[in-house]
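See structure below.
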Amino acid sequence: MTETLANPMASAATATTNQPLLDVRKLNKFFGGLRAVNDFDMIIYPGELVGLIGPNGAGKTTCFNMISGLYTPSGGEIILYGQNVAGLEPYEVTQMGVGRTFQNIRLFPNLSVLDNVRIAYHTHAGYSMIDAILRTPRYERMERELTEKAQDFLSIFKLERIQDELAMNLPYGEQRRVEIARALASNPRLLLLDEPAAGMNPAEIVTLMDLIHFVQERFNLTILLIEHQMRFVMGICERITVMDFGEVIARGTPKEIQADPRVVEAYLGKGATHAA
Amino acid sequence: MRAFKITSLFALAAIAVSACASAGGTGGDIKVAILAPLSGPVPTFGVSTRDGALQAIDEWNAKGGINGQKIVPIVEDSQCTPDPALNAAHKVIDQDKVSFIIGEVCSKASIPISDYANSKKIIEMSPTSTATGVTVDQNGKVKDYIFRACFIDPFQGKVAAKFALGTLKAQTAFIMLDQSNDYVKGLAEAFEQAYTAAGGKVVGKENYTGKDTDFSTILAKVADAKPGLVYLPDYYNIVNLVTKQAKEKGITAPFMGGDGWDSPDLDTKAADGGYYTNHYSPEDTRPEVVNFVKAYGVKYKDDKGQPKTPDALAALAYDAGNLLFTAIKDAGSTDTTKVRDTLTKISFDGISGKITYDADHNPVKSATILHVTGGKVVFDSVVNP
Amino acid sequence: MELDPLSLLISIVKIAAVMAWVYGLLRVMGHASKWVKIGGIIALFAVVQLAISINVGDSPILNNFDTGLLFQACTITMVSLGLNLIYGFNGQFSLGQWGFYGIGAYAAADITYRWTNGDAAGLLVAGIGVILIGVVILGLNRFLSRYRGLPVLSAFTLYLIGVIIAGVAAYYIGATLGPMLAPLFGTSDVPGILRSDLALQVVFVLAVFIAGAFAAEVAFLFGLPVLTLGSDYFGIASLGFVIVVNTLMVNSDTILPFPEMKGGRGMVGIPQVTTWFYAFFFLLLVIVVMRNIIHSSTGRAILSVREDETASKAMGINIANYKLLSFVTGSLFAGLGGGVYAHYIGFLSPGTFDFLIGFNPLIIVVFGGLGSMTGTLVAGFFWMFFLEGMLRVLLGQLGTEAPTWRFVLYPITLLLMMLVRPKGLLGSVEWGFLKRPVAPRRGGNDSARGPAGVVPALK
Amino acid sequence: MQQANTSQRSVPATRKSGARLAWIGRAFLLALALFAVIVLVRSFFDNPQLFAQIVISGLQLGFVYALIALGYTMVYGIVKLINFAHGDVFMAGAFVSFFAVTRFQLHLWPAMVFPNLPPIVVTVVGSITVILLSMAVCALMAVTIERVAYKPLRTAPRIAALITAIGVSFFLEYFGALNFVFSPRFIPYQRPFDVVTWYIFDGIHQVMPGQNPPQGSITFSNIAIIIMVVSILMQLSLQFLVRRTRIGKAMRATAFDKQAAQLMGINVDRVISITFAIGSAFAGLGGVLYAIAYPSINTLLGVLPGLKAFVAAVLGGIGSIPGAFVGALIMGQAEALTAGYISTPMRDAIAFTILIVVLLVRPTGIFGEPEKEKA
Amino acid sequence: MLLEVNDLNVFYGAIHALQGISFNLEEGEIVTLIGANGAGKSTTLRTVSGLLRSRSGYIRFKGQDISSVAAEQIVRLGISQVPEGRKIFAPLTVQENLEMGAYTRNNAAEIDSSMQRVFASFPRLKERVNQLGGTLSGGEQQMLAMGRALMSRPKLLLLDEPSMGLSPILTEEIFRIIKEINSQGTTILLVEQNALMALSVAQRAYVLETGSIVLQGNAGEVRDNPQVRNAYLGVG
């Protein structure tokens, strides 16, 4: 179990390209009487980069929460690699290869950047608590290895210089990057990014787009992201799904979406047509 | 290497401390520690005990001390809880270097103190710890240096049973006891044994805990059982609550209890008609009692500014002090072994009667029975063992 | 009487010396060199041991009053460290620590009490019981992990049944084997080999460990369902636990079958075997184990639960397990502390384990700083030497009325402290040994290594 | 390698569903409940009068707890603070009334001012004055405590305020126990009015001193009735205050969202002070009634009733006013019935066990709103 | 000048959230602040309404420095905020929510007339007057939040993301009401993610980027700025 391939899932993914990585069927979620998500369907194939857009409150984050196990769906199936994961505990979903970031960044604020990333390695730590208590050679070795891996990740994200800073003391943009690094460190096949570009200026957004492209190729990831920054979404996503009021109102390539009158009306706003 | 500097700093500091500590000894005086629960669950006992003991010390000092040596009291709060009590004992024994301790009040605090004091050959004179385990260890061996001024639980129980059947002619009794209080439990068990042995019938027995305030459930059962007597050997605060609630429920059976009833705060109206066994009566006309009650009243005032009447705790603390000082005087030395030998053979006229010690360092003395009637506590009779 | 300025100075020096000693301890333990580490620990132990045994003038440098405070500081620190693991590091607001402390104290005391009274059954039943229950819990845990979404009450019921069966089995095995050892105890005239001092020392150490394990197992059963509650509700439920345990202690001779515990009268005759060595040893053990847990992957998982449960779930962490783990470990420390305490004081009474006194570890933990082991350590020693040491000594000199002020000054100090430093004495600062090991930064030029070199190689 | 990894990752999904085993837990709870019901039913048929008597004493206790619990729940609802000093404010209420009665004879003032008043009016007006005074002093005290010990810590971690609350509680207990304050003694409490007891047996008769009520009668006293009536009245008036008045609505708004309340121009600090004042006035009232019912007071008086009232508030769902009320009644009954039919020393243990079991079934108490799921 | 904000610096812990922001509002204007999530728009509003304290810089309202005035006092001065996410009091009824909005006022008759005016603007609220705030739909909650803010009869209304989560029709409705409120004499400072919509009602606009103002001008100018079109309008 000491293989050094980029991602163990990489070849598995290519071997089964015709099988969807994620197949969401008729997903529903009620909060009290409120229908937050209504018959949500989505298929994502391995290696894709899909965008999910829609007005605030359209149910996008609720879908994310259901896919990552934080919410139990009121109905429907979430099929990940042929297995229905609806209703699994979040940690189980994560262990099956779903990583995510949060809309309002949820780092571990009082821990260092390095620890934030190392926590994501937890399930692959390779030593037990007994090893830790006795400080066995195995602990020393694995802990060093784990730390190095985490540092490697940080250096991809140009965060290696701040590894000992507390997460809460970082500026917004860096917190975002740490969060993405942390999500990647949990070794996902499918990465869910909830508004990764929020709060970034256009220059930062360009960097982020490059970064996402890079990690996607590097780790052979499948990415589903929620984003409001249209330039970002249009520039990076291969396919886009648009939600409004818990329902999917359009799907297609960025070009198709921009031209779709329903989308323009519901989301981009009537002004968009005027302006364009 | 910084660690070593720190460590050596500590070592230096520690030596400095000890040098200072050993310099702070005073010669010529006899230090006596008073360990009393000034905080914790029963602070009132602590206050009485402290005041009683201080009274004795003041009187001796006024007379010029013991063999010319002044008595210096050191008061410590022992909280009626084992660890603070033990800390207090350590402090007075090792820090203040006392050889004589008056206290503790609660048995559960006296027991750990007595073990330590005995191992250090320090005389501990407990005024009111009634549990057998204070002067005798679990193997039945007497702790040489530990004494007490009060009689032990079984004695009071026996006296009460004798009185209940003989004088009160109560053929049935209901026993109420605090499961968690060894004093109450000891008395209740002794009473039950003596009472049934002498032909009385216990018609009910109910437990409560010392923190309870609502006794209506138990009293409902008492009312149901209609006993000739309710034996309630608890402290006055519980007695106040129980008797008041009993009166309100129309329970007419007389209540009877032990020395725990004795307090200026006993609600004499509620407890009207009750009897209790005690160490002494402030109405006793023996001169030492009269003098003590008077002197105590001069020194201590209650919250209304009236002279305080000493309760049994104060009287026993006073007796404990006098016993100890007399023994020191008679021994002619503050050597604790000599004082111990004197104490074991002492015959002393105290407030609570004539005291001699049996083999287990328990005083042999008489018990007084008091009757609560007409808003007053009156002397009823003396029962000899 | 008047305040003697010298004694005030002595008290201050004493507290400073103790603080310096704690600092030194953490420093030497954190030293890079193994030999400095070992030598330093031995030296620090020796300093205290010498101070206890060498007389300056007519009394040792550290008299029994001081050593008593040291013992109690060690035990209360152990208990508080456990609570800090539960509350400070894992974020579970628990008021139940005192109950586990009491369980540990009574369990250990009962084992050695029976032993010194020539009855080995106590040790056997408790030892076998703890092992069997542990096996049952771990086995059931493995078995039940096959079921997903198992309601916690069902799991609890199954564990409870398993534990009861294991306990009963242990009782019968122990009760059968125990009397067989009786001849080895000898008679009152001819002490048998099991009555030797050495045997008692061994039994004492075993008893402390068994007591800790027992407390941990109780913590598991209690924590399993109750840890699912929200924070304040959990706090109150755990406070309830303390009161239930206390009530059982009061009734240990009637409702529980332990006449030797004597219920509310208090248990006497516990051999006073705890020496400075043992107190020091167990405290070090707790510090080392806790520090090693905290600074490992497990510890990071525990911390992440406190920081953000949702994010922690999304990192693949089974937060219920880690809550339980830290609760059980924290209670284990409390149990160990109880075992050491019981054999120091030699007398146990339910009054010691009252819920009001049970706030003490919480006060110490918050006073020192949540999530700071150093803070707890410093606060534990400081608290003991300030409240039981300094205040007692100083007020004792101020006359016969002054000691009643001790518990008036103490809350005022507490209040001022919280108002001045609401995050505790040390916040989350750690000293020496307890500091998080700083991961070395990777040297060289990262970009030169290129993305190809930054492969997240996971197994 | 990949194989292993895939299978490892697929473990969770192939596990059996544990939901099918939910019956085990339910059966366990059911067994507990059944046991309790059987014990109660048997006891009832054994001796119905005794049962009724026990229930009455449980009611009396429960209604006192309710008065204290209301303050706990209000304060918790608005500042999320477990105000451990609340029980000591309760104690202070009892002491204030004690001094008002014994030192100043305040309960007799109507007779002094208007000598011709009928005694019943004197007693009623006098007692009410004493109670009002206690309530006012308690309210003032609580506001002071809040300003000194809690307000500076409003932005600090919640636990800091909890520790100061414990500190304030210790301070009140031990400062009160100083000799020149209340002294540490248990003091027999002098009631502003006498307690009268009646028994039900072929109609209602008054119990005369020295007369045993007949076998099988049920007794009750005026103080029990007063406690119940006052407690219900206070609960209703509190409901009115919170539902209908401006300040009550401001309290609810502040409890729900302090910042939004500030944006409405609500002075949050003042609303919090008023909440403390009202809650503590109730505690003071409870203190007086409690002391009248159980007339022996000392400075540690508030610890246990305070704790139990708090538990009652948690049981009912802390933050909820009807919850506090119902929780208190359950606590009262649990204690009385345990004392009556199981064992008095076990009653705290049983009461807390009930709390834990209820919380396991309803994690936020009987009337508590479920905690919001956050993500 | 009704509101004058000068060189405002606000920190969240170590994070420098507002880095020297200056802007102003004339009486009767609608001014909008646009920018990405986390750019500091809400922080600006929260600082103006007194929920946050600035480390340096000042805020003047009608010439009076309000940077250190308590939030509840600022309401009395005539600034009312409709917070992001609406923050209505879920356990209170619609009517009680509105009463809370008028907490600073004492004249029952005037309050009643204000309430009638709010009902006139938002007839849907009148239908649901006894319903609990938490049971309203998103659009109704937004109306309630705005109505509640109007109950204090503010001179200046701060609107934080009023269209969040609303359907286009509702959004338009809300913006129509915003204009209406403005035409009745209330000055409005609007923070909005739907930049196009915001720019269509506002007279002037400021563009925020990571805590500082990068662009300002008339709404039309801002809308035609290519960078803005690119970054915030998703077109270009």
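By letter and in written order, the chains are A, B, C, D and E; residue numbering begins at 1 in each of them.
Here, a residue touches a chain if its C-beta (ideal position, glycine included) is under 8 Å from a C-beta of that chain, and two chains touch if they have at least 3 such contacts.
None of the values given here were measured: they were computed from a predicted structure.
S.K.: Going only between touching chains, how few steps reach chain E from chain C?
M.R.: Minimum step count, chain C to chain E: 2.
S.K.: Going by the touch criterion at the top, tell me which pair is linked by more C-beta contacts: B-D or A-C.
M.R.: Output for the comparison: A-C.
S.K.: Name the chain whose C-alpha centroid is most distant from the C-alpha centroid of chain E.
M.R.: The chain farthest from chain E, judged by C-alpha centres, is B.
S.K.: What's the farthest chain from chain D if centres are computed as the mean of the Cα atoms?
M.R.: The chain lying farthest from chain D is A.
S.K.: Taking each chain's centre as the mean position of its Cα atoms, how many Å separate chain B from chain C?
M.R.: 35
S.K.: Distance-wise, how many Å sit between the C-alpha centres of chain C and chain D, to the nearest whole number?
M.R.: Between these chains, centre-to-centre, one finds 33 Å.
S.K.: Measure off the straight-line distance from the CA centroid of chain A to the CA centroid of chain B, and report it in whole Å.
M.R.: 73
S.K.: Which residues of chain D are in contact with two or more other chains?
M.R.: Answer for chain D, listing residues that touch two or more other chains: 12, 174, 177, 179, 184, 343, 345, 348, 375.
S.K.: Listing for chain A: what residues touch at least two other chains?
M.R.: Counting only residues that touch two or more other chains, chain A contributes 1, 3, 8, 70, 88-89, 92, 95, 102.
S.K.: Could you tell me which residues belong to chain C and also touch two or more other chains?
M.R.: 148-149, 250-251, 310, 404, 407
S.K.: Note which residues of chain D are touching chain E in the complex, please.
M.R.: By the definition above, chain D touches chain E via 246, 249-250, 252-253, 256-257, 259-268.
S.K.: Mind pulling up the chain D residues that touch chain B in the complex?
M.R.: 47, 50, 53-54, 56-57, 60-61, 174, 177, 179, 183-188, 195, 197, 199, 207-213, 215, 219, 221, 290, 293-296, 298, 300, 304-305, 335-336, 339-340, 343-345, 348
S.K.: Would you mind writing out the residues of chain C in touch with chain B in their complex?
M.R.: 4, 6-7, 9-10, 13-14, 16-17, 20-21, 23-24, 27-28, 31, 36, 40, 43-44, 47, 51, 56-66, 68-69, 72, 250-251, 254, 262-266, 268-269, 272, 345-352, 357, 388, 392-393, 396, 399-400, 403-404, 406-407, 432
S.K.: Touching chain A in the complex: which residues of chain C?
M.R.: That would be residues 148-149, 289, 292-293, 295-301, 303-304, 307-308, 310-319, 325, 371, 428, 436, 438-439, 441-442, 446, 451, 453-459 of chain C.
S.K.: Enumerate the contact residues on chain A facing chain E in the complex.
M.R.: 55-58, 168-169, 171-173, 195, 197-202, 228-231, 234, 244-245, 258, 265-266, 268-272, 274-276
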